[in-house]
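Shared chain: chain A. Partners: chain B in the first complex, chain C in the second.
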Partner chain A sequence: MRELTKAIQETAQKLLQDKEVELVVGFAEGSLPLRNTPCFIRQPEEAQRLVWGYGCENNLATYLRKRPEKLAVVAKGCDSRSIVELIKENQINREKLVIIGVPCQGMIDRKKVTRLLAGRELLEAEVKDGQVVLKGKGYSEAVPREQLLHDSCLTCQHPNPVLFDIMLGEPVPVKEADSFGDLASFEAKAPAEKRAYLIQELSRCIRCYACRQACPMCFCEECFADCSMPQWLSKSSLNVQDNVFFQAVRALHLAGRCVDCGACDRACPTSIDLRTLTHKMVKDVQELFGYTAGVSLEEKPPLAAPLSSSTLNHF
Partner chain B sequence: MLLLNKDQVTNWLNKLMQTCQVFAPVKEGDYFCFKQISSCDQVILNYNNTRVPPKEVLFPRSEKLFCYRCENDGVQLTEQIDESKKIIIGLRPCDAKSLLLLDNVFSSDKYQDPYYLTRRNNTVLVGLGCNQPAGTCFCTSLGGSPFSTEGLDLLLVDIGDQYVVEVLTERGRALLSGMELPAADQEAQEAARMVKEGASLSSQVNLEGLKSRLDVNFYDPIWDLIHEKCLGCAACTYTCPTCHCFDIVDEAAGNEGCRIRNWDACMFPLFTLHGSGHNPRPTGKERFRQRVMHKFKYFVDNFNAIACVGCGRCIINCPVNLDIREVLAEIQGSEVRSDNQ
Partner chain C sequence: MPRIGVYICHCGENIAGAVNVEEVRKYAEKLPGVVLARDYLFMCSDPGQELIKQDIRNGLIDRVVVAACTPRTHEPIFRKSVEDGGLNKYLFEMANIRDQDSWPHWHDKEGATAKAKKLVASAVAKAAFLEPLDDRFVEVTRASMVVGGGVAGMFAALDLANMGYKVYLVEKNPSVGGNMAKLDKTFPTNDCSACILTPIMVQVGTHPNIELLTYSEVESVEGSIGNFKVKVRKKQTYIDWDKCTGCGDCVNACPAKVPNEFNEGMDNRKAIYIEFPQAVPKRAVVDIEHCLSCAKRTIGTKPRIHSKTGEPILAPCEKACKTGACDRSREYNPEGEIVELNVGTIIVATGYKVMDKAPFKEYSPQSPNVITAMQLERILSATGPTEGHFHRPSDGEKPKTIAFISCVGSRDKRYHTYCSKVCCMYMLKEARLIKEKYPDTNIYIFFIDVRTGGKDFEEYYNYCRDLGIKMLRGRVGAVDELPGDRLRVRAYDVDLGAPVELEADLVVLATAVEPAPGLEELGRKLGITCGSEGFLKEMHTKLYPVETPVKGIYIAGCAQGPKDIPESVSQARAASSAAAVPLTLGKVVVEPLISEVNQRKCAGCGTCVQLCPYSAIRLVEDKGRLRAKIDEALCAGCGVCAAACPSGVITLHGFTNAQIHAQIKALAC
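And then the complex of A and B:
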């Protein structure tokens, strides 16, 4: 991590010094344990604020759409895949973007930490030798890092950036293919049970739209949830059905575009399980169209391309 | 000061539930929220704080103001005023303070909001002092404290197997009628004192001179950059105990419908979008500035109080860790450039 941090700082500094870019988007130290925060660097001497850690959980591609200036971004695997899709959707001008690729070992899920600590507050944390040492008032506990990674990181097939101009560090080994094991229990449910599960989860929705705003692919100029003429869904949360409808449409709108970065799921302040929906969509798109979002600049998005005969056979 | 054994709490709540709606912290998923309870088993008083503040009991995320139905001989209107008696048990002193701030908005010389005020006047507040404030708490910087009694009817101080109960109002005293609680003895009072002393806050913000800076820095370049990582969601606003902006919509089908009040957030583009298509707050810069200004300047101008209680929810819930403590420090550290220069 320390070497990667140093490499990111040096790279950013050089890009800014040489005036190759006006801005570098990366991560800085956050204000909470195990948390890094997006940061925007414009002066070479500020590059030392950049860091790499286990809390670089945001998908920075969300900041790159329709930028006027030439800029660089620190991208892990999922960020790079969103960038690929955004280039295909004409939201990012490839010529004006320098991608600083960083191999990713997975990010730590603070919800898992909260669950593990069962009410004890986390005041400090340190990650070393595959262990996360969690510290608070009167306790210090070491937990294997794997146990605390985001579910989306555990099944991630592209921890190394798929598109980059500069690659830092050594590529990390790629895990076995995603078996979508986490979806088994959801898929086994009868339709009424699935519905009941979604209603239970989305009864906590306060319509803050953090999920939508954190998603790099949610960039409609006017989200259907905000339309008033016609009004597609109620603005109120009196009826949970409307919350379910919002998430269901959001997930469908991400078909073939979602890279399973988990940004929406992490952003939710009420911890609604959003990834079951998005991950299921990723699986369905793979099965129906043989398409994995964000891995190739050439392959046409499945919903924007004519169906091949092999795809048609699925239906 | 009275003494309440923890094993008496169930009994007490059962009694209260017979005559009132009782709202208490319950666990939902990994976190806590205030819910109307139907059984005492749900209540967890050993909690840090809820994700969504208890303001939602008095000012719900969505509420029907009235419903209407067009009939042959005119329109039939039914106003929806919630007159039920409520008790909120276990709210933190910061959240109690937030309700005093909200009162300024919903009850003034110019306007009395019957929906909020009816609930407010029918709600008794039983606070729970904070033995262990979180690292993100900064209530003392805003004039609060972990055991502040401001705005409460009763305050519970957890001293282990018992609560020392501070009776603050007659309404609070009435809640305890029939319980015949003994007075807190010397030992219990001493224990409460120790607990209060031990509750220290590690986090502070410097508000000195902030208002006078905000009075003149509306056009300061600091606003160009300070919002940059903000995603424009309402995680901060909707989990803030003092944010109170709302939107009113009619939801109708056929010849009937309801007028509904929903929470709204200054972080959304739609918040200020005019019918003409013009938006006076077109980007994140203006929206984020509004959030800071409303809390730390406009509210002060209007009500002589800061619209923040230091509960730290916005810090915990922000998806990009945009920390209000850092934002304020940055404004405080910036060079003062008067807008008039």
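And then the complex of A and C:
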């Protein structure tokens, strides 16, 4: 961790000093334990603010669209895959972007931590030898790291950046785990039960649209949810049917584009299970079209390309 | 508030026989926006159309809905009446209560009436949102391209050329001629195929209006009726065709042996070859994959110099060539050359290929004496591998007993469910040709049933029976190999109701006619589609048999489905006259039902650009941002982009969101 932080700082400083880029997007220390926050560095001397940690969960690709200046970004596996899709959709100019690739060890899910601490305040945390030591007033508890990682990190098949200009650190091994195992219980449900589950989850939606804003792939100039001519859905979150409709369309608009970074799921202030929907859609796209988003600059997303007989053969 | 007039047609009994027209009329009268609803026996008749015109002229209505038959045939007629009445002709909507209602629901009068109401309500709902649109005219490039130089393609090209239009004939093989060039004699008159085809090939080769592009394939097609921009890839022949005289000296000198496609793989050709003796253009090509590069003369290298004689060391082909056409120093360019063509119309006549025998394991395809009917054509032909001598492949003996097996791969769920149509006749023909020449040959034809529909065909069949050719009804289960190169055919004779066995010296499989390889791909480039059997789909089986859904593109011959030469030629000549219409008019009307991007809201993702089948969309820079822009002249109004745009910012005029929503809403209530 410390070496990576150092390498990121040095790389960023050099890129800024040599005027290769005007801006570096990365992570800084957060104000709470186990938290990091996106940060924008413009001066070489500010580069030491950059860090690498267990809270670098945000998908930084969100900040790269249609930037006028030349910039660099610190990208882990999922960021890099979003970048690939965004390049294909003309949202990022590859020539103006320097990708600093960082292999990702998995990020810690603070909701899991909160649940574990059951009300106790976290004052300090340390990650060592696969254990997370959580400390607070009158307690110190060690938990295996795997237990606290994000679900999306547990099933992630691309922790190493797929596209980069500079690679820092050593690639991490890729898990062989069945990356869709976590969907089994949802898929086993009957259609009515699935609907009931989604309605139950989305009854908590407050239509803050944080999920949409966090997603690097949601970049329509006018989202269908905001459109008034025609008005596709009501603007009020009290209409649960429309909340479900919103998420269903959002998921479909992301079919073949979603990289399963989990940003939407993390952004939701009411902890709605959004990932079941997006992850299921990622799985369907893979099964129907044999396509995984973000792994190739050449391959076109299946729903944005004419169907060829080879695609159709997947059916 | 729009004032909509609704006109319901009885279509004689076609609609009124199932739909209670008066009930629908009364219902329509009460729909929002409707000011009058009338019905009439035949709306498309003069008095029917007059009703519409009068109501417009009297200022009663400003939108028209006709509930009748199909817009495919009748929309233009009613649009014209609307225009004659004095309204913009796009303020018209049609509800199809015949094909989509009375016909399919003929035995459910109540249901049919209820559905008619829904269809009318939905058309009325859309009509309220119709906008006036203006027709566009496009200048037509007075030239045409024909793809495929078989008998169909050649006739299409000749007809257009004789009308005075420039024609580019694109053929993927080195010579024109297609499958007919391989045939020996042709039913129903048994005239020699080469004798009737060669003059046509020569005419095609020498016509001042025809530019032959053989050994070429279509690379890409852009644009639309009147202005297609076509890129054709001319494969490298490695011979200077301007100098080559087709003498064949190089061919004789070449030592390489390659299975000869023209003789269906039954003998060898050389690596440098002329496709067949009557080839047009008669020019040599080098099959670079199989060329041995004799004397180390790799294409594109300078010859080495002999240390003693000081002469350049040449390959045998070069040495033999007296004209200098064969010169291996020429540039190596497997990519070939791209030729750009501008044409107003396109005819696709890419024909067919016959199935190989290999998949039919039950018929012992490994035996050289089991051959396809096309191979038999070559054996019978004077230019074939045996120079017309009737030998069986294994040992050159003249076969005494021959069994023909019909429907191999046709009418068979495992391969093709369709009937290949020509096999019954060509089997009879081949059998007859053999029987007439060698009357002591025993010939058996195993049929499922004999299909000889066609002028003079039944007479042909009877003549064959009288000759002593034996027909057995029943599918052949297996062909076994026996010692002495003999074959045993095992079948079930339906008429006897018993299994039968037959020993034969030669077994001929009437393998199925399939679309030419790559047809689907070519179709995609052109924007036209293949049916489930893989042949090109016409626009309307009966009324528009040579048209396709893409205006300006026509089809002919076996590319559209299996057929014989008379039919292929008739269809070709029909296609050429259809393709000549826009060329003669010089300009075509293009419906304004095209798409438009709301640029302000476009995110520039480019999804639409990749998907547009007509390449009508480009991303243009606008204040540092990319936005999609649709070229009106190229857009065909297919609506793909409007459906695909994730931001929903594309409007397809004539099918706007507001119009479609209104329709759906009306259908839902």
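Definition applied: the second predicted complex is superposed on the first by the 307 of 315 C-alpha atoms of A that agree within 3 Å, B and C clash if a C-alpha of one lies under 4 Å from a C-alpha of the other, contacts with A are read in each partner's own complex, and residues count from 1 in each chain.
As a convention for this text, contacts are C-beta pairs under 8 Å (C-beta built on N, C-alpha and C of every residue); 3 or more make two chains touch, one makes a residue touch a chain.
Just so we're clear, the structure is a prediction, and the values are computed from it rather than from any experiment.
Of the two partner chains placed by the overlay, only chain B lies in contact with A:236; chain C stays clear of it. By the touch criterion defined above, A:119 reaches chain B but does not reach chain C. Chain A is touched at more residues by one of its partners, and among chain B and chain C that partner is B. Within the superposed three-chain model, A:304 lies in touch with chain C and out of touch with chain B [touch as defined at top]. By the touch criterion stated above, A:89 is placed in contact with chain C alone, chain B being left untouched. Look at A:189: by the touch rule set out above, it reaches neither chain B nor chain C. In the superposed model, A:66 lies in contact with chain C only, and not with chain B.
By the touch criterion defined above, A:269 lies against chain B but remains apart from chain C after alignment on the C-alpha atoms of chain A.
After overlaying the two complexes on the shared chain, residue contacts for A:58 are found with chain B alone; chain C is out of touch.
Shared interface residues of chain A (contacting chain B in one complex, chain C in the other): none. Across the interface of their complex, chain C is touched by residues 66, 68, 88-91, 219-222, 224, 227, 230, 253, 300, 303-306, 309 of chain A. Across the complex, chain B is touched by residues 30-32, 35-40, 58, 62-63, 111, 114-115, 119, 121, 123, 137, 204, 206-210, 212-214, 226, 228, 234-238, 263, 266-267, 269-271 of chain A.
The touching residues of chain B, counted against chain A in their complex, run 28-31, 33, 46-48, 51-52, 61-62, 64, 132, 134-136, 225, 228-229, 231-235, 237-239, 247, 249, 251, 260, 262-263, 265, 268, 270, 315-317, 319-323, 325-326. Chain C contributes residues 520, 524, 600-607, 610-611, 613, 619, 624-626, 644, 646-649, 657-658, 661 to its touches with chain A in the complex.
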